[in-house]
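Lettered A, B and C in written order, each chain numbered from 1.
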Amino acid sequence: MRLSGRDVRCVRGGREIFAGLDFETAAGEALAVTGTNGSGKTSLLRLIAGLLPVAGGSIGLEGGDPELTLPEQAHYLGHRDALKPALSVVENLAFWRGFLGGEASDAEQSIAAVGLDHAIHLPAAYLSAGQRRRLSIARLVAVRRPIWLLDEPTNALDSAGQSLFAALMADHLSQGGLIIAATHAPLGIAAGELRIGGAR
Amino acid sequence: MTLIDLANPTRFLSLTARLLPWLAGLTALLLLIGLYQSAVAPDDYQQGATVKIMFIHVPNAWLSMWVWGVMSLAALGTLVWRHPLADVAAKAAAPLGAAFTFLALVTGSLWGRPMWGTYWEWDARLTSVLILFLMYLGLIALWRAVEDPSRAARAAAVLTLVGAINLPIIKFSVDWWNTLHQPASVLRMGGPTLDRAFLIPLLVMALAFTLLFLTLHLAAMRNEILRRRVRSLQMMQAARRAA
Amino acid sequence: MSALAELMKRDIRIALRVGGGALIGVLFFLTVVVLMPFALGPDLALLARLGPAILWLGALLASLLTLDRLFLADHEDGSLDLIAMSRTPLELACAAKALAHWLAAGLPLIIATPVLGLLLNLDAPSTLAVALTLLAGTPALTFTGMIGAALAVTLHRGGLLLAVLVLPLSIPVLIFGVAASQAAISGPSSFGAPLTILCALSLVSFVIGPFAAAASLRHGLD
């Protein structure tokens, strides 16, 4: 499986964010997207996720499931956590698991895998920012999708959380998944680098 | 036992735990006496036996206003004196006030039915009570809209005091509105001038309902304190590092 | 299919749990109806004649106000992105959310109608007629209003803009809803004809609403 982009151009709010971007990632590989703030790291991820229209060039997936589109085979971990404070930890996760389908492991196991089992029935409103991040990461564990699109994934995570997530990412890669992550900090796993924006 | 002592929730819980059974018993006793007296009171020459709804309607109507007064005091306690239990008192009182107001409306409606032929008339007094009911519901909605009780407390306190100031204005306006459209026959819901046969059961029932409010209010305050403790425990549980 | 059921279940759960969620619509409905006599005067005969109109206007305004948040919360916490990336078509997801909203916010309005009918001096058969027309027509209000709710997300504005956009679209529903109620109460024109048209309007909105909402949400995702 190979995810690649040729001559990709992004326009947002009438402004060109970047143009002429090429990248390629294969199964089992990770790509770290780096660049200054505003260079378009988030925009690139949203482009691949299908949330932004491509203004030029193309993004394609070879291999993978022919009956599904690229976004349908990808997880997107954005800046916001997609959690409802009124629901409990397990209710939040069980919802995404039921809605997105393709269960990999059940809700309780996934919550334990990210170290939140002591809070499993508590309202998500009572979680700290780092714990909320972990709960969104649990979604990646609970639903199997080969492509992970991560936007500053270790934001708000403490060092224990970061090692945990590095282990999860390594696990995902070893099972043939691929990862594209926008990040300022080192990911904790071996990754190629795509720099957007260049020297300004 | 000074007010300061009562400010401690734990003290409050233990004090009310001992007090409540007695209060409940006294309330039940007074209610029974009042109901008996209401039952044996003579019929009104004009309204017949239906006048006896007054013995429930009037105390409930009085209480609906008094409870807003209690909440206003509690609101001052929150905003001015920062008494720790003031917002607990305010939050616990709101649903009770709404219930008494609702009972006043229902009994008022039933009382008016034989006279008006309909279950509702837009007469001055009932209309004011209806507006009061809406204000209670709005206050309850406000309490429920904010997750953190202490933040909700300040907003609710301001609304309660604004409501307290506005209630006389609303009452006056509604009275005036009603005079604009004076219907041909005026029903005086106070009934005939109360003689002793009516007055005593009425006062007994008023006292009984007041004690009922006090009992329920203290019980509701206990529940609210316990509820907040559960919430704190849950938040501590969430913050605990996994083993 | 079960994905849509999960979505509806979640939305209804949140609506019932969050204080001031679904039931505040009923409170608003009650307040609007209570306001009317202060403007119109307490003449019971007049109120009874205007009853269906007052109830319909109250229900219209109440459902409009609660629709504001239909997509906004999901957009703000990033859930909308994930819903758009799922294997469920966005149109169906929008329809499921609208249906959940109607169940949690619209149905309570209909259930509250008999009590409000009492305040307006409507007799039991008239109140029943109004409730029936509301049952047939409030889905149309929800599914039409969802278009405005989706636009509000795209345009990052809510409240009054949403109302201004959606109210003209709701006029046919209002016309036939009140006409059906009046026909049932006072005759002589038939009750069936406007009621059928009302049902037809609801059915049409079931199709147009989700498609229009999904289209504007897609534009708003960036």
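To be clear about the criterion, contacts are C-beta pairs under 8 Å (C-beta built on N, C-alpha and C of every residue); 3 or more make two chains touch, one makes a residue touch a chain.
No experiment lies behind these values; they were computed from the predicted model shown.
Novice: Most contacts: which chain pair?
Specialist: Most contacting pair of chains: A-C.
Novice: Where centres are the averaged C-alpha coordinates, which chain has the largest centre distance to subunit A?
Specialist: Farthest from subunit A by mean C-alpha position: B.
Novice: Of all the chains, which has the CA centre nearest the overall CA centre?
Specialist: C
Novice: So the centre of each chain is just the mean of its C-alpha atoms; given that, what is the distance between subunit B and subunit C in Å?
Specialist: The answer is 33 Å.
Novice: List the centre-to-centre spacing of subunit A and subunit B in whole Å, with centres computed as mean CA coordinates.
Specialist: Result: the chain centres lie 54 Å from each other.
Novice: Between subunit A and subunit C, what's the gap in Å when you average each chain's C-alpha atoms?
Specialist: Taking the average C-alpha coordinate of subunit A and of subunit C, the gap between them is 37 Å.
Novice: Mind pulling the subunit B residues that touch 2 or more other chains?
Specialist: Expected reply: 147.
Novice: Where in subunit A do residues touch at least two different other chains?
Specialist: Not one residue in subunit A touches at least two other chains.
Novice: Among the residues of subunit C, which ones contact at least 2 other chains?
Specialist: 18
Novice: Quick check: in the complex, which residue numbers of subunit B touch subunit C?
Specialist: Those residues of subunit B that touch subunit C are 109, 118-123, 127, 130-131, 134, 137-138, 141-147, 174, 177-178, 180-181, 183.
Novice: Considering only the defined contacts, which subunit B positions touch subunit A in the complex?
Specialist: Of all residues in subunit B, those touching subunit A are 147, 234-235, 237-240, 242-243.
Novice: If we count contacts the way the header does, which residues on subunit A are in touch with subunit C in the complex?
Specialist: 12, 46, 49-53, 68, 71-72, 74, 76, 78-84, 86-87, 91, 95-96, 98-101
Novice: Can you tell me which positions in subunit A touch subunit B when the two form their complex?
Specialist: Residue list for subunit A touching subunit B: 85, 115-119, 122-123, 125-128, 131.
Novice: Taking the touch rule as given, give the residues of subunit C at its contact with subunit B in the complex, in rising order.
Specialist: 18-20, 23-24, 27, 30-31, 34, 37-38, 41-44, 47, 118-119, 121
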